[in-house]
Amino acid sequence: MGKSTFGNTFTVTTWGESHGKAIGAVIDGCPAGLPLLEEDLQKYLNRRKPGQSRFTTARKEDDLVEILSGVFEGRTTGTPISIIVHNTDQRSRDYGNIAASYRPGHADYTFDQKYGFRDYRGGGRSSARETIGRVAAGAIASRILGEIGIRFCTYCKSIGPVSIRNFNPDEINQNVLYMPDAQAAAEAASYLEECMSRQDSAGGVVECRITGVPAGLGDPVFGKLDAVLAQAVMSIGAVKAVEIGDGINVTAMNGSTDNDGFCNKNGQITKTSNHAGGIMGGISDGSEIILRASIKPTPSISQPQQTVSRDGEELSLEIHGRHDPIIVPRAVVVVESMCALTLVDALFSNMSARMDRVKDFYLKK
Amino acid sequence: MGKSTFGNTFTVTTWGESHGKAIGAVIDGCPAGLPLLEEDLQKYLNRRKPGQSRFTTARKEDDLVEILSGVFEGRTTGTPISIIVHNTDQRSRDYGNIAASYRPGHADYTFDQKYGFRDYRGGGRSSARETIGRVAAGAIASRILGEIGIRFCTYCKSIGPVSIRNFNPDEINQNVLYMPDAQAAAEAASYLEECMSRQDSAGGVVECRITGVPAGLGDPVFGKLDAVLAQAVMSIGAVKAVEIGDGINVTAMNGSTDNDGFCNKNGQITKTSNHAGGIMGGISDGSEIILRASIKPTPSISQPQQTVSRDGEELSLEIHGRHDPIIVPRAVVVVESMCALTLVDALFSNMSARMDRVKDFYLKK
Amino acid sequence: MGKSTFGNTFTVTTWGESHGKAIGAVIDGCPAGLPLLEEDLQKYLNRRKPGQSRFTTARKEDDLVEILSGVFEGRTTGTPISIIVHNTDQRSRDYGNIAASYRPGHADYTFDQKYGFRDYRGGGRSSARETIGRVAAGAIASRILGEIGIRFCTYCKSIGPVSIRNFNPDEINQNVLYMPDAQAAAEAASYLEECMSRQDSAGGVVECRITGVPAGLGDPVFGKLDAVLAQAVMSIGAVKAVEIGDGINVTAMNGSTDNDGFCNKNGQITKTSNHAGGIMGGISDGSEIILRASIKPTPSISQPQQTVSRDGEELSLEIHGRHDPIIVPRAVVVVESMCALTLVDALFSNMSARMDRVKDFYLKK
Amino acid sequence: MGKSTFGNTFTVTTWGESHGKAIGAVIDGCPAGLPLLEEDLQKYLNRRKPGQSRFTTARKEDDLVEILSGVFEGRTTGTPISIIVHNTDQRSRDYGNIAASYRPGHADYTFDQKYGFRDYRGGGRSSARETIGRVAAGAIASRILGEIGIRFCTYCKSIGPVSIRNFNPDEINQNVLYMPDAQAAAEAASYLEECMSRQDSAGGVVECRITGVPAGLGDPVFGKLDAVLAQAVMSIGAVKAVEIGDGINVTAMNGSTDNDGFCNKNGQITKTSNHAGGIMGGISDGSEIILRASIKPTPSISQPQQTVSRDGEELSLEIHGRHDPIIVPRAVVVVESMCALTLVDALFSNMSARMDRVKDFYLKK
């Protein structure tokens, strides 16, 4: 599989650098006949677009998406959907002073080690702008999932030391931090202001809850649904941990408290709890899927940092420019997109899991 | 990619159920000329073999491995290596009483939902015995990595509420819990005794440290080294969280404390710290790779649990039989194996990352 | 994808060498609930088994197949099916004299060039015995296809200069050359006798016709059904050409004679001819799929041949031993198996081609 | 693997329809540091561009290529190379009259069967314009291969009934039919004039010869170099047969005449003939690789043809518009491109075939 491609049956291939001409993606394996307009993608891209609040980079990008192929008369044709977003505000001069040295917390050093040189104008391929392609693809994936009743609820669970105490889904889009708790959002905002005053940055946790997932998605071994979700989400820059269900907390529990029992609820087999986060043995169990991503503080900070030049000369670096003091809120839609991509692939793969259903599919049509 | 296959260039395909005739794996893409004997694999398998201590299942399996292909006169030939381990102690009568109901914490329910029926004699494909193939493959991967100086140090970092306070690598193989801290190991043993007396089970954390990894392994986007490691490790049954470097702790840090600076150490560019856990932008940076897996308590416990039958009838289930009160110590070598498999694949994939090196390879030979 | 793995959703991974302990395959992605017994596989293996006629090697192998996993109570479970056939008549002494030199027409030289050394006891991995795994997998694939009405008719179309003039499907299994024309079979037998008397060997053409294939299988670009069939069939050792429909004859035709028109046959859209061989633009059109493989003469002949030793010393080589004067009849079931594997993969992949059918699948169940 | 993606390590993903906004491709896995300019790609695209002679469509497309990512300061960066060619002369009105019926020899019917509807403005995804992405990618692949001395010579071997009798490589680019025999080219031109006068079209054979290929490329089983080449070339629309080396002619030969002997030529092991076409057991043997593709006559002809409407109504169709009377000459560079893509992938995959070379690679750098 290409290194910039994700998925098996439903795939996305992203391309583009932060300071190149454009950023884009090719989505392949989308079923024919899905209603799809550029607006559907734009709505998702707007959720990650910069410049939306005082906590995001001032880089001005409209991030207008254009569909180049795969859609005809408002419906997908079953052929690859190519999307493009032009970079309009590269302003590469901002980065001129960092071309010759390695920014701490960035991929500058490892790119040079791997490839021998790099596009020194910015983050290049490891810029957060790469996620534009993921989000456009995620919007398509979400539309497919929506058709069979799968819904996402994704938000910031914590920012720095501030965690949510209440959960009000209607609040999520009411604050610029996408927190489902207005009080926590206000505290987090204060914390961020304080970080910014110290020329510092902050991290946090994104949580994604997915309802309506039919039981049976995912495969028992390497293609476990949670395993693929882990890859999907860990592949987002700055994510340093992925948890499913009770996550790291399971280690201090016992079998008797961690196991989810089963009961019969009006003729429907249901679990009595959901410590597992909706996945058992790598396969969805029909309850809510719950996943968390721990995201590190933005590495670009303007206080002096110790580093070296490409030639190995030690120096002190200050990164001025337009950087997010926190990327967690903008990562919300990226996490959701990666989960959506994973689920669509599992959804399609699962269609051939049972011979009786394969026969039905081909003999009844 | 086959659902039971892991890797792109260096692949392992596992097969077999807990109560079938045998368990095995096919390892493909192994370079020719690697010295390899059955003993090399057996050593790894012995680390996960049951019956080694009072904290593991009494099921008696010697888990003797046989190499069926791909090795000639003590060296790999470059063709697929097929390995097999016969199941000798299936004793399926142990499981008779659970055939008709869904064990909490297991994959019984999800298998039935996905496939319509299941091998009800035991865990089937989601049994921990499936990891035999992973460990045999991991032994081969480790041997390849060893040839270029990559070494593993893997251990239990915590069991239930007991975490290590000291780190003595020589201690790891001195206690049955594979903890690098004798004192903590003793405390953990007491904790486990207490769990067992309550007919309960416990979880814990496995940590894997990898040294000697050259900078440059991994790809910038979906094939990030940490992303593939996350999939690899999360695909082990019972793992509920994967962390890289400082993991979930990064969320409360600031850029100024989380960023690793660079310095020049006798002409060698080095990092001043390793919060990132050896991976920057998805690419290894030459420092130690650090990964943690959170593992849930063994779901099989003998105290009564609420569940339902296949027909939806509610009932109380007691699982008697031969089950590990904790699987974390036996998972140590499984986590190490999955990391080794991931690294070999990244090692081979990286060989074509630079045109000058491709030219060297083909024109200098 | 592993180099020894074929397919995307329904995959087969083969392993084993001609003179190793055993030969086998792992079939993954088989739907659950398919009735399957060892006899089902044995029937196919018997069609390629040596020693069936005076035109095949005298090597005595019963080629008894054993299923090691993935089948429970006579039905597939949805997990990998591992099959094994033990090598019982390796008699490696037959090959001792050829260990140090390169047999013309074989892969000895290229194996040494690629891997640095080889299993010199026989053909190793490039032996025709490798196809055992393909045929066992093909038997499973054919069983799946049979469930939805897809049937194969595969036979020798020509042997050396002798081509069939009549087509009587009932005749195919009445002669040891699997020709649908008794007269041609008799002539071909005479030709082979004559080749054998000259210590020489012969080639021929295998044709495969597949009926009942629903329209819509295959993808428009790189995954064209004919393209994947071409890879599948060309991957059989000794195949030097693959043709679809009218094949090489199309080059001398005109659009007006090569195009298949459409008509309405009792309300069913049908083609007026089938020059295309059942595939248009890479997608099955519902008519018979027709494919031909050109197979070279067996390279092992006992007359003296010019070659060199591993050290480059020129010498004359006579290959005595038990070799088929022709492999074409035994290749019939191998070609059929590779086509079956390709079709099953296309069948499953096609299930997510239309959004309305995906919705039906998940919302109506 | 995505259906529109080719390759494992070095991949190309194409997108775009004949009458959409643009056509493009994403090339991933290209090593860093390769000098690459848009001119390098344009040179290849010009070889397949329409309007070059009286034997190609009058559709006016400049097919100007733009590189959107992956190249910085004239060198590849190791990240995906996105290329785009805008469609400037869609003139969809040409196709209006064929929207409702199925053109014989085209994929209209199978697209409708697979996807439920189609972009009826033209060939859509199965248009020959799709090959633009392949050729741009092929240009990059050829540049990589050129760096290690691999060269292509590709030409029309026959057109309709006219085959070349002489082989003069310098002649290939001297005639619009890319034939290496001026006399045959003249005869073929007459034949084509005659076809055109009858409102008919013609087919032919493209042959590709590749020199400088190191021994050892390709894998022994499903990834045989000839098998992957067969898929690559058969995936080009209108190709109905692929032959390697002596191809279909081997079936009438004997082992004694088909086998290539070995000799020692000044200390170099060489073959005494090349019936195998440079590939033995699926692995390159260091001699010239020879491949042929049989290409059918252009299906679009303006004489009346029998067909049906989407509703199944029988009718007579005349396709007026701008269609090539033959596509074989324009397919020359497409066949070459697909072979180049295949070889680069095999080249990179082969780098990890031997443990000693892997050690050299990592320990000597």
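Per-chain residue numbering starts at 1, and chain names A, B, C and D are given in the order in which the chains are listed.
Quick note on the criterion: contacts are C-beta pairs under 8 Å (C-beta built on N, C-alpha and C of every residue); 3 or more make two chains touch, one makes a residue touch a chain.
Because the structure is a prediction, the values reported are computed rather than measured.
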Task: Of C-D and B-C, pair with higher C-beta contact tally - done: C-D
Open item on the list: Among all chains, whose Cα centre is located farthest from the one for chain D?
Closed with: B
- [ ] For chain B and chain D, let me know how many angstrom lie between their CA-based centres, rounded off.
- [x] 44
- [ ] State, to the nearest whole Å, the distance from the C-alpha centre of chain B to the C-alpha centre of chain C.
- [x] 37
Open item on the list: Centroid of chain C to centroid of chain D, CA atoms only: how many Å?
Closed with: 26
Task: Residues of chain D engaged with two or more neighbouring chains - done: 1, 3-5, 8, 14, 29, 32-33, 78-79, 114-116, 125, 220, 349, 353-354, 356
TODO: Within their complex, state which residues of chain D touch chain B.
DONE: 8-10, 29, 31-34, 76, 78-79, 144, 147-149, 214, 220, 347-349, 351-359, 361-363, 365
- [ ] Write out the stretch or stretches of chain A touching chain B in their complex.
- [x] 1, 3-6, 8, 14, 102, 104-107, 109-111, 113-116, 125-126, 130, 158, 160-161, 195, 198, 200-205, 215-217, 219-224, 226-235, 237, 240-248, 250-256, 258-264, 267, 269, 272, 276-277, 279-286, 294-301, 303, 305-308, 312-314, 349-350, 353-354, 356
Task: Touch list for chain A against partner chain D, complex - done: 1-5, 7-8, 11, 13-17, 20-24, 26, 28-29, 32-33, 66, 68-70, 72, 75, 77-82, 84, 114-119, 124-125
